[in-house]
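Across the two complexes that follow, chain A remains constant while its partner is chain B and subsequently chain C.
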Partner chain A sequence: MASESSASALSANEPSVNDSAANESSTNASADRMETLRAKIAAELPNVDFVLAYGRGFDPLHATPVTVRGEKDLDRLIFDPTCVQNLATSLYGLRGKRLGVVVKGCDSRSIVQLLQERLWERENLVIFGLPCEGVLDLAKLRATLDIASARAASFTGSPRDGLLRLTFNDDGGHDGERTREIETKGLLADKCLRCQHPNPLVFDHMIGPETLPQGAQDDYADLAALEKLSTQERFDFWKRQMGRCIRCYACRNACPLCVCKHVCLADSREPHWLSAEATLQEKWLFQVMHALHLAGRCTECGECQRSCPMGIPILLLKRMMNRELKELFNYQAGVSLEAIPPLHTFLMEEDRIKDRGLLW
Partner chain B sequence: MPDMDRDYRIIGFLCNWCSYGGADAAGVARFNQPTELRIIRVPCSGRVDPMFVAKALLSGADGVLVSGCHPRDCHYTEGNLYARRRLELLRRFLPIIGVDEGRFEYVWVSASEGSRWRDMVTKFTEKIHQLGPMPRMAETARTLCALEGMLGVSSAQPDMWRPGEPGHDALLSMDEYKEVMDGE
Partner chain C sequence: MRIGVMVCHCGNNIAATVDCEAVAAAAREFPDVVFATDHMYACSDPGQGTIEKTIRELKLDGVVVASCSPRMHEVTFRRAVERAGLNRYMFEMANIREHVAWISLDRKRNTEKAIDLVRMAVEKLRYDRPLTAKSFEVQKRVLIIGAGVAGIQAALDCAEGGLDVVLVERKASIGGVMSKLDKTFPTIDCSVCVLGPKMVDVGQHPRITLHTLSEVEELSGYVGNFEVTIRKKTPYVDWVKCTGCGACLEKCPSRKVPDSHNEGISTTTAITIPFPQAIPKRAAIDPTVCLHFTKGTCGVCKKVCPADAIDYDLKDEVVTEKVGAVIAATGLDLFDHRKCGEYGGGRYPDVITSLQYERMLSASGPTNGHIQRPSDGAEPKTVVFISCVGSRDRSVDRPYCSNFCCMYTAKQAILTRDHIPDSRAYVFYMDIRATGKGYEEFVRRAQEEYEVQYIRGRVAQIYPLYPLAGPEGNQLVVRGADTLLGVQVEIKADLVVLAVGAESAHGAPALAEKLRISYDAYGFFLESHPKLRPVETNTVGVFLAGACQAPKDIPASVAQASAAAGKVLALLSKDKLESDPQIAQVQAMRCIGCGKCERTCPFGAIRMRELRDGAKRAEVVETVCQGCGICSVTCPVRAIQLAHFTDSQLLAEVNALCRTWTETTGS
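Let's turn to the complex of A and B:
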């Protein structure tokens, strides 16, 4: 089976035969890390119902969440730059259980936020933290390459300056090529390029050496283009982007902090916030609602944008909101368990809010 | 150019204890006031969900005014202090979604300040008249066609994405879109 062969080519504990000697040290390091992860999970298995982790998906470039319930599932574990999902998204629906979960640095912020809002009990969660140097944005790879024809993929070095080696199908291949090496640097998700928290902020077991953040500070440089537009132009920009929306609500379902999906106002008839009409107004109002309900909670994990089948830049909206929050309340969500969310508190004299009472 | 002939739709969310009383006082005193503000009485300015404002503006209101008790004077002690944070954030959020920040305002008016209420309403209404009608998210057949045509070159459809060719960047150029929209 194609998926099995690719999985074995990718799984870090069995380096593929093509790997050159020069890559051996990095391969060994990640093999060690996988061994540690397996050992730690195996040790915790008796204490939890199951562990949420990453396994190989339907092709060598896709990972999928797997539930580890026993020793036999441990062979399915992987961790590499294809592990893009935020596993914290599944947590809220599984409350009441005692779980283990594998998290990257960014995912751990979602967990911090869930714990801070008391949506999970810390004692019922065993967190396996994996320092992460970046994950792939498959859209970037897909732009230049037919990824469906890739039969195997292997990573060498750190995702920040390493290589992705793709092996293509025997028949046809990609422009007659059998293999291709691509620098992973240009394939990393945008959120990884400005990552401030590559190391999990909350964990029971830290697996592997801690890594350094990408930059000193997130300067919101990606928002500059939209900033320059006039209000009307920005209105038109969103109108055009939202025109593509098909109201599939993948953004909502992928959001780790959209914890009231089952009673979502978007589906409710009483109160009737949104109608079922497929008009721009309804689509846009949903995104505005999503942004407002995530004010002071969104950790910018980017799952909404990644899951959007129409490529709508939803994260842009969340990031613009977060920048205002930072300016106004000097607050960043999901970095501290003890922090008080800015909209759950107030100051009698707000130092950054102009007194509107003396406005006119 | 202020358009004084057109009728605008302005929604006011007024707290029961101060601002509603203030508006009433302005009426009892027979002050002349613009008539375009439709008042919705709420128990407290803390009751005003930012979504009330967003929904009103996106559903066709040209402006929204929220008014409550002065800070420290809230009937429920602290409702307006929570509201202040929420509404200030909303005020900064509106330009992000392409709504002019002048279309939304929150003010504090007490029950005895009838003349102050008159001034607030007059000034806010004037401001809305200057801004003109709220742009609509209307979809016409023409817009839909244009949007459909653009689907092909979005980053979601990478097979049709040819980097380097005009218009084939991840976020489309504004000029192309304007060309279509201006035709309406």
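Let's turn to the complex of A and C:
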């Protein structure tokens, strides 16, 4: 039974692996943790088809998903604040296999949601949980630096208060090098600043040490700022943003919970919901559909917005839906395997919706 | 596709504010429309005849009628197109009466809107596909919930008509409110004497299965094939052995239990038979007060029972019954007068409810028919009746009239003067509503023959004369207005009787949810149509009888019960019923097997089947599906489509509307 195995997984079958490291300032890039991660993955390799993990990408500031199929792949593993991808995104397309997957706290919520919606089977998944203190938002770094010319990057300390040391080629084009140190605090992704679940919520192996949430409770300040605008101003804002959409569907493809890509309404011709016309209405309608299909499901991993090549703030739409869900039903997606989403239940009287008057 | 359009004038109902000829002319321009006309009454014989003739002559594939609400005549027109050889689902209706003509006088814009609606209907029809109904067997049994006079009458009528009846009653005995009444208006005949024989008939009828102390836990299924789960609460007495001799009642040591049959004005024992005429006449233990269950002591009843029927270890029983139809007859409860502070809010013992007074008047009641003040047992000489307590009163959220209080107040005033000839009776009233046969004459008799003082006005306050000493010390002062004389009045009363209004039975909304029927803000069940379908509900196969629908007196309840029984007998006279083909359909290719539809379906109409490769797919149980469409909107992949309301069909309508909008506004 999926529920039994998931229950045991939630009850932390492995205590924090590296107790000595817990006392030091924990960082996403601790060497001890990498050793533990490699050992754990090596031990599980015979039981799975392959393990989805992070490796170094095309430059020192980018990570890329790697599939670990044997001992030789273990050297490729990395885990540091550049590991921004949500590896759970790949899961739905790999149904039927038996997989291992490396997750951060936020990614684990996507897995919880997939399991809760019976879109994956718990017994076919080995989860390596990595507590995380934050990942970079490269857009923030890009704003001040030409990151493409960075030749090396290294992190010291926790991403919350540590440093990123970048090495560039010298301007003169000689072999000389120039380094620059930047506080990582200002580079963290927005979702990390309000992160309430830095430790994976579901896992088979917790590659410790566990950490504490850093963010204040999410006050939806971004939404509040938008809502301060008049209706017309907000309409104009969205017209401007949506007008830039190129309908590449990267947002859809990056979403771990967009599980019907193979029959997506955007591509359907019967019924013909969306036409191929590149009009504002068609672009906008798709984003609204996407947001509505994720109401009560979106875990705000932010992959849609991160993957958008046009930088459209589409996460706002999903956060809007989530705030409504929280206010109306006190529900948050992806934090409990047993929870029944409010939109999948029927109650005569919801606690926070009084529409029946004095009867009860 | 060849589509015909008929625009109905509905006399002047539509034609007065819509240019029907213009609508028909516009419709001729729509794609696939080969014929469009207007007609004075599309639903009339000539109107239907024109539709049939046109279908045959022009070889139409589908028909649009723009007229009234489909709730009224969709069936009529579907039959008409079927007679002409079309599938009945190749028909669409545009409501240009309720949705257009009746809501605006602007003829030009009305006509434009009517054209839009017709265009939407035409576009949907282009995506319609023929659907065929399936037929299924029915259970020739009926469930009746509530065994008051309405439930009893419905049960007897159904049983006499040849149906098996499952009668469920929450209390230990059948009889309901009527069994508590002393006399009935306007004939002053003994209530339980006329009800008693019917109760006995219910108890003895071979076709009636009686479940008392029972409640409906769940109703699943659909018309013709409901399955009901009934929880039979245990009486801790083996009712097969119990003879109703009453030996246990005499010996039971806990004697301070408020007697609910007597509305709490007397006490009874923890093991009890509610009243002498109870059906079934069997003893039941109330475990909340019984010493054996509360303290673990006693056990007297078990010792004295000559039939050895007491068994403290009995457990609740859950039974399931299969039935073809359901009649809800859950009756009413009374307004709680403690909500009315001006009448003492329940603080004065000599301010009682009308039903408590009724028990007092009853010869089988706690006082053997003698009227006594609860405070000191003295015979009251001045009795004040206050009507409309919890009726027609917005301040306590009871704006409706409770229908029968005027009449029972007149009856109780007459009986007061009958029982105590030297007494005086006063009635404070707002209006006298005596509209039934012989009712007005009855109230006249109370006023003229029995000299009951009717004072038109509300009571502002009741307060005790206490602490004044003397014989008047226990009296209450009733202060109110006489609005006919325009003066304040104060009456020193020995006893005040509040004519409390009716409320829906406690728990009625919860039951309505189980039965999937609608109810109003006060918990009364909603009929399907206030005039033409007064005993049907919007859930096919569930009917209403008695005061669960609205406050009703006995004759009205009995009449509605017989009407509901007639409906059930007509429904179940057929061996097979046709299922509605407008149900959910799964496109297995799209289904991802997540099972959300299975979890959200309120009717249990979806199950998961396993393919050969182990993948799961949703499957609709056709006879169980009610076509509500919840699964369709739940499905993340849109793999479930509701037949006759598919995405394509709805989208066609929306697109038609938007296209018109774009054309007319040019944007």
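Here, the second predicted complex is superposed on the first by the 315 of 360 C-alpha atoms of A that agree within 3 Å, B and C clash if a C-alpha of one lies under 4 Å from a C-alpha of the other, contacts with A are read in each partner's own complex, and residues count from 1 in each chain.
To be clear about the criterion, a contact is a pair of C-beta atoms (placed from the backbone, for glycine too) under 8 Å apart; a residue touches a chain by one contact, two chains touch by 3 or more.
All values derive from a computational prediction rather than experimental measurement.
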*Which partner reaches more residues of chain A, chain B or chain C?*
B
*Does the superposition put A:Ala266 against chain B (first), chain C (second), both, or neither?*
neither
*Looking at the overlay, does A:Ile182 come into contact with chain B only (first), chain C only (second), both, or neither?*
neither
*asked:* A:Glu117 in the overlay: touching chain B, chain C, both, or neither? Say first, second, both or neither.
replied: second
*Is A:Ala250 in contact with chain B, with chain C, with both, or with neither (first, second, both, neither)?*
neither
*May I ask you to decide whether A:Glu324 touches chain B, chain C, both, or neither, giving the answer as first, second, both or neither?*
first
*Mind working out whether A:Phe346 is in touch with chain B, chain C, both or neither, as first, second, both or neither?*
both
_With both complexes superposed on chain A, which partner does A:Leu163 reach: first (chain B), second (chain C), both or neither?_
neither
*asked:* A:Phe235 in the overlay: touching chain B, chain C, both, or neither? Say first, second, both or neither.
replied: first
_Residues of chain A at both interfaces, chain B in one complex, chain C in the other_ = 273, 343, 346, 348, 356-357, 359-360
*List of chain B residues in touch with chain A within their complex*: 50-51, 54-55, 58-59, 70-72, 78, 81-82, 84-86, 88-90, 92-93, 95-101, 105-108, 119-120, 123, 135-139, 143-144, 147, 150-151, 154-158, 161, 163, 170-172, 174, 177-178, 181
*Touching residues on chain A, where the partner in the complex is chain C*: 117-119, 259-260, 263, 265, 268, 270-273, 293, 340, 343-346, 348, 356-360
*So in the complex, which bits of chain A are touching chain B?*
139, 142-144, 225, 229, 231-240, 242-244, 273, 279-281, 284-285, 288-289, 291-292, 295, 308-313, 317, 320-321, 324-325, 327-329, 342-343, 346-348, 350, 353, 356-357, 359-360
*Sites on chain C touched by chain A in the complex*: 397, 509-510, 513, 521-523, 589-590, 592-596, 599-600, 602, 634, 636-639, 646-648, 651
